[in-house]
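Both complexes shown next keep chain A, but they swap its partner, so chain B is in the first and chain C is in the second.
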Partner chain A sequence: MKNIDKELADIVGSEFVSNHPEEKFIYSRDMGTMEPAFPDLVVMPNTTEEIQKIVQLANREEIPITPMGGGLTLSGLVRPLKGGIVMDLKRMNRIIAVNEKSRYVITEAGTSQGMLQAYLKKHHPSLKHSVPDAPPIATIAGNVLIHGSGHISQSGGFHSEMLNGMEVVMPTGEVVRIGSCATSPYWFSRAPLPDLAGLFLGWAGTTGIVTKLAIKLYPNRLFNDVKAFVTEDSEQVAEVIHRVTGTQVAEDVNVVMSSRMPGFQIVFMTYSADTKEELTWKRNLIRASLKKFIDDNVGGFMVVLPVLKGDFLEVPMKNITQFADEMQGGGFEYIGAIMPIELFSEAYRTGIEIADHFGIPHFIIVRVVGLGHCMMFAYAYAFNRADEADIKKVQAALEDTNRKVLQMGGIPWKAEAPAQKQIIEHMDPNTFALMNRIRAVLDPKGIMNPGNWEV
Partner chain B sequence: MEYAEILHRCFRCGFCKLPSDYTDINCPSYLKFKFETYSPGGRMWLLKAWLNKDIKTTPRLAEILFSCTACGNCVEHCVFPAFKEDLLNAFIAGKGELVNEKAIPPKVRDYFEAIYLHGNPFKRLRKNRANWATELNLESFSGQTYLFYVGCLGSYDENGQKMAYHTAKLMIDGGVSFGILGDKESCDGNEVRSMGEMELFKHIAEKNIQEFRNAGVENIITLSPHAYHSFKNDYSQLGGHFNVYHYSHILKDLIGKKEAVTSGTSIPVTFHDPCYLGRHNNDYQAARDVLRAIPGIELVEMDRTMNNALCCGGGGGNFYTDILGGGPDSPARVRVREALETGAEVLVVACPQCILMFEDAIKSEGISEKLNVMDLSEVVQSGLP
Partner chain C sequence: MYELKYDKDICATCETIDCLMRCQYMEMDLESARQERERILNGEDSRVLTDCVTCYACEEYCPFNNHPFYLIVDRQEEKGIWPVPKPATNQQLVIMAPQSDIAPKKIQSPTINMCAFSMLEGCIRGSLFEGTSIISGSDIFCNIMWLHFAKNSTIRERLPKAIDNIREYYLKDSDVDELVHFHDECYGAYTHLAPAFGIEVPFSSIHLFEYLIRRLDDLKDRITPINQKVAYQRPCSSRLIPETQHFVDEIFTRIGADRVDRKYDRENALCCTFAQQAQQRDETADDVLKRNIDDMVEAGAAYCVFNCPACFFTMSEAVTNSGMMPILMSDLCQIALGE
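The block that comes next holds the complex of A and B.
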């Protein structure tokens, strides 16, 4: 690779370009099990214009670029599989504008979930965004671009569905605007224009670099509560989800299953209201929707002690991150399978079988996306980072899980490069051919995060 | 390396980079340098890689480790209770390994040498240590109730000297029985410890303990929270058991017992919690009680306050090595901007390192017309507004 350090330093400042072994080491890997892939350089731009110049330079020299947000997918999506430049976007973390009336925020791509959360709390306390249960340093843009989900996903869908618009630096260096902001000063919607956002959502950074985006905001209500419904019959859970989501009062519905509580499926439903009366009314609606299961003696509401409610209402939930120390080894990775809710029971049984087969304690958490339109079924495996054999075992379990998810009819979410290949094997060939044609047009020199979505 | 067994348990989730409400980056070195390597998780993984010989000893690695100010934000906000308390210990142990390899930044080496040879980092003469007190005719310690230990910055730095002067004056006026060690005083060693030079720290601490014992010291008032922490928590592990107070505790006893009644004009001030008083020793109230007792002061809080306070960037020897200095994202400059945003006209500090860092930052930001940095004792002395 041609030495472009100086040119990059001229663009972003020498202190924000590194080819030191320390940065190469850290930016070669993430917290999951994927093997490291080393960058030649790490660069931290501060503006869209700087990104444009870097992309133009990379095009000229045909050097790969891997854009990076929080780097917290756990599936190694920001490992530079073919070397080149890792572009860490976290310097671009300015919150540009909040439109209270139309409920959206425009922000730069490096803004973290936590920073927006705190900003809204301070300046716009009546509004909130859908926060994933990733650590708060995860970026808004990164989560939208991987089709993430979060605490308002039951009512609002995937975070990519909450996207109003974007500014993108194309692989050839042009800056384009997507959504209403392409024709209007307002970033209110992707409709009614041809929806070009799909060119960038779910592509693992292979089609461009998002520099700004607008996402929807939601009412932040004063009163919040959580209900927990427990059953030992996995066949009932899809119907439980169907009925609860049918009430349209829950903001977030999760199901938790763990080897610490073998056999139990616990459905957590959070909801909020502007008044205590409204909260009670919503609680009663949820209770009524699940009465059938209590009458049939196949499930019941679990008391969530007041002292524990804070943990369940915490956004994001820290105890999910804490799973990384389950094996006292600092690591976990999960397959978040996107699938229809009717697959719940089969998916659950499969998870138990895989965990038993590999001798790993099972931890499964499910987030309902949309009004029961689908779910993110996460099979999480903790591992000891200091034990190579343990890492290999979890890698094998993850691979097996991906295979079985695809067999069931689900699709692994934010798939690791090997899982992307598995998905492509199941994909309609014409769909994959279209993906390749689109990429060839957008990125003729193939510089954007190469190695992803490839056979 | 000590604490090597916890390095791989870090998930690098990044809670440690933030305050509890996630407002903004709260790890001083990550704030300044931005690369993941300079975050607490980056250090954990790099130390593990270094022990595994996946990376070599380099000046960059040394800079990454020694840019840690030991502010304790990572310990405060790490979500892994099983090992969070040892995060800083691991970083200090890592620095210690580089000390043993003599692979430390030149300014760190200079710091150690100066402390060893001169008892202060500025290579100043020991006989001048009490120059700040000349005007006050302070007594040498000879069995008074308290030893007033002013430390290196209190002895030699212009701002620190003012702090020492005002504090001593207030104590004299308040009838506090105290004396100083003068040219017998030596560095407390807290920064030496936080920079991993454990042998030198032990040497300093044992010498100081002996000096205190010989003088019959039982109670110590410190100017610096760093010395307060060291005397209170580290010296005791080496057999030096003293009753240790920070000067804010004494001021609180003198004036801070009741709420002031303000009539007429008031002046908005904000208080910056020193890491070694706050996060390291869980004391957030004494200085605030003092401020609340002064008529005419309106105490306004910054977004990041108490256990979420952003470090000034001076700890871990950085006030001297200046690894974190320069540029708009240096922690001190970020912090003075945050103070200004509150509408405060005065940024009150209670640590000689903080005042040094913030005085420079205010000049760099060009806001000296809008924001004044004052130490707590000077605020009391001046009787604002």
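The block that comes next holds the complex of A and C.
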């Protein structure tokens, strides 16, 4: 590769370009099991114009670019599989505007979940965004672009569905606007224009670099509560989810199952209200929706003591991050499979079988997305990164999980490169051909995060 | 094995049927109480078995100490009634199971028994508890909570083992034959429930309040009266040991606390609502909690004092939101001692 350090330094300033081995080491890997892939250079641009210039340079030299937010997918999506430049977007973290009336925020791509959460708390306390349970340094853009989900996803859907519009630097260097902001000064929705957002959502950074985006905000209510419903028959859970989501009251619905409490499925439902009375009314609606299971003695609400409620109402939930380091080795990866609710029991049994087969404790967490239209079924495996055998075992378990998920009719989410190949094998060939044609048009030199969505 | 000491003949001649007539959660006239009592005695279905919120109070109301509540729980279990839904009960059975991680420990008197609640060991501090030993852990859980779950079988199975553990791991090699129970539950389990079920207890029991009184007397020069109005929240297990209730007034006298005169105190006490919530009776729980707290506020209480950690954790948020301070009895005494 031609030496372009100097040219990059002219664009972003020398302190924001690096080819130092220690930096290359850090940017070559994440907490997951994927093998490291080293960049040649790491660059941190500060503006859309700088990004344009870098993309033009990379086109000229045919150097790969891997856009990066927090780098926290755990599936190694920001490892530069073909080397080249890792473009770390964390300097582009300005929150541009909040529209209180139409409830949306326009922000730069590198703004982190934690920053936006703190900003809203301070300046717009009546509003909140749907926060994932990822560490707070995860970016808004990185999460939206992988179809993430979070604390309002039961009522609001995938975070990509909460996207109102974007500004994107195309792989050839032009800047385009997507959504209402293409035509209006307001970033209020993607409708009614032809929806071009799909050219960038779920593509793992292979179709362009998002520089700004607007996402929907939601009322941040004063009174919050959580209910926990326990069953010991996984066959019941899909119906529990179906009924409770039918009330349209819960903001977030999660199901937790672990080898610490084998055989039990615990459904957590959070909801919020402006008054105590409204909160009680919502609680009663949730209760009424699940009465059948109580009458049949196959399910019941657990008492969540007020002192413990904080743990379940906390956003993001710290104890998920704690589990991520359960093996004290800093290694953690999960297969988040997106699938219909009715597959719950099969998916659960499969998870236990895989964990038993590989001798790994099972930890399964499910987030219901969009009023029970589907769910993110996460098979989580913690491991010790210092233990090679442990890593190999978890890699094999992950591979097996992806295969079984696809056989069941689910689809691995934020799939790592090998899992993308597994998905492609199951995909309608015409769909994959269309994806390739689109990529060829958008990125004729093939510089954007190559090695992803390829066979 | 561990047959409940219950005398059918006493009930047969009982005129007042206080156990059911005084129940605060079921409306009944004398005739229907008589009929329900008959049904329970004969092992037939009775609405008492499904409507009982397991407040334990009839153990106190029965003038003959004939254990009506223990009988109700036995009958519920015989009939396969699950006051708390089966999955939630089974889950608790796993959570509260002995973990077999007990280790021998040399103890000295006084020894404070913290039961399964090791996380509350921090309460054992200051001059009140100077020089005490502490024992705690899942293997010495008194298991009395299963009365709420129609699981007397679990008590019969696990309580004798907990007693064995206390003897084997703590008492055997120490010169101690007396335990101070931090919770009413344990004192109730060892002095009331165990004898009622014919379970032998190889140590004597001191109620925390009695211990506190002794210590307050030792430290009386250091007491500054707190001069505050205080509401007392009786725990369900205190219904098994009403003879200990006078200690509350005696402690209050010593620390200068004014026990507020209110409707839901003493024999009319209301539950903390943990059991009702577990039994899926949220509306009853809302109503009971509101009446109870309104009553404390109307009586002008500045503090609501607890002995049971479950009551404390269940009610403390609502108590605080009503402008009172929730506090454990031992902590209230510590305030009086300026600690």
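Keep in mind that, in the parts below, the second predicted complex is superposed on the first by the 455 of 455 C-alpha atoms of A that agree within 3 Å, B and C clash if a C-alpha of one lies under 4 Å from a C-alpha of the other, contacts with A are read in each partner's own complex, and residues count from 1 in each chain.
One rule holds for everything that comes next: a residue touches a chain if its C-beta (ideal position, glycine included) is under 8 Å from a C-beta of that chain, and two chains touch if they have at least 3 such contacts.
Source: prediction; values computed, not measured.
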*Sharing chain A, do chain B and chain C clash or fit in the superposition?*
fit
*Once the structures are superposed on A, label A:Val210 by its partner contacts, choosing first (chain B), second (chain C), both or neither.*
neither
*Which holds for A:Lys90: it touches chain B only (first), chain C only (second), both, or neither?*
first
*Name the contact category of A:Arg287: first (chain B only), second (chain C only), both, or neither.*
second
*For A:Arg385, is the partner it touches chain B (first), chain C (second), both, or none of the two (neither)?*
first
*Who does A:Val169 touch here: chain B (first), chain C (second), both, or neither?*
neither
*asked:* By residue count, which of the two partners contacts chain A more extensively, chain B or chain C?
replied: B
_For A:Gly114 in the superposed arrangement: first (chain B), second (chain C), both or neither?_
first
*For the overlay built on chain A, what is the smallest gap between any CA atom of chain B and any CA atom of chain C, in Å?*
17
*Contact residues on chain B for chain A in the complex?*
8-15, 17-18, 21-24, 33-37, 42, 45-46, 48-49, 54-56, 58, 60-61, 64, 79-80, 82-83, 303, 327
_With touch defined as at the start, can you tell me which chain A residues reach chain C in the complex?_
230-233, 261, 264, 280, 283-284, 287, 294, 297-303, 305-307
*Can you list the residues on chain A that touch chain B in the complex?*
15-16, 18, 20-23, 25-27, 31, 42, 44, 70-72, 88, 90-91, 112-115, 117-119, 121-122, 135-137, 318, 321-322, 324-325, 328-332, 384-386
_Could you list, by residue number, the parts of chain C that touch chain A in their complex?_
82, 84-88, 90-91, 94-95, 274, 277-278, 280, 282-283, 286, 313-314, 316-318
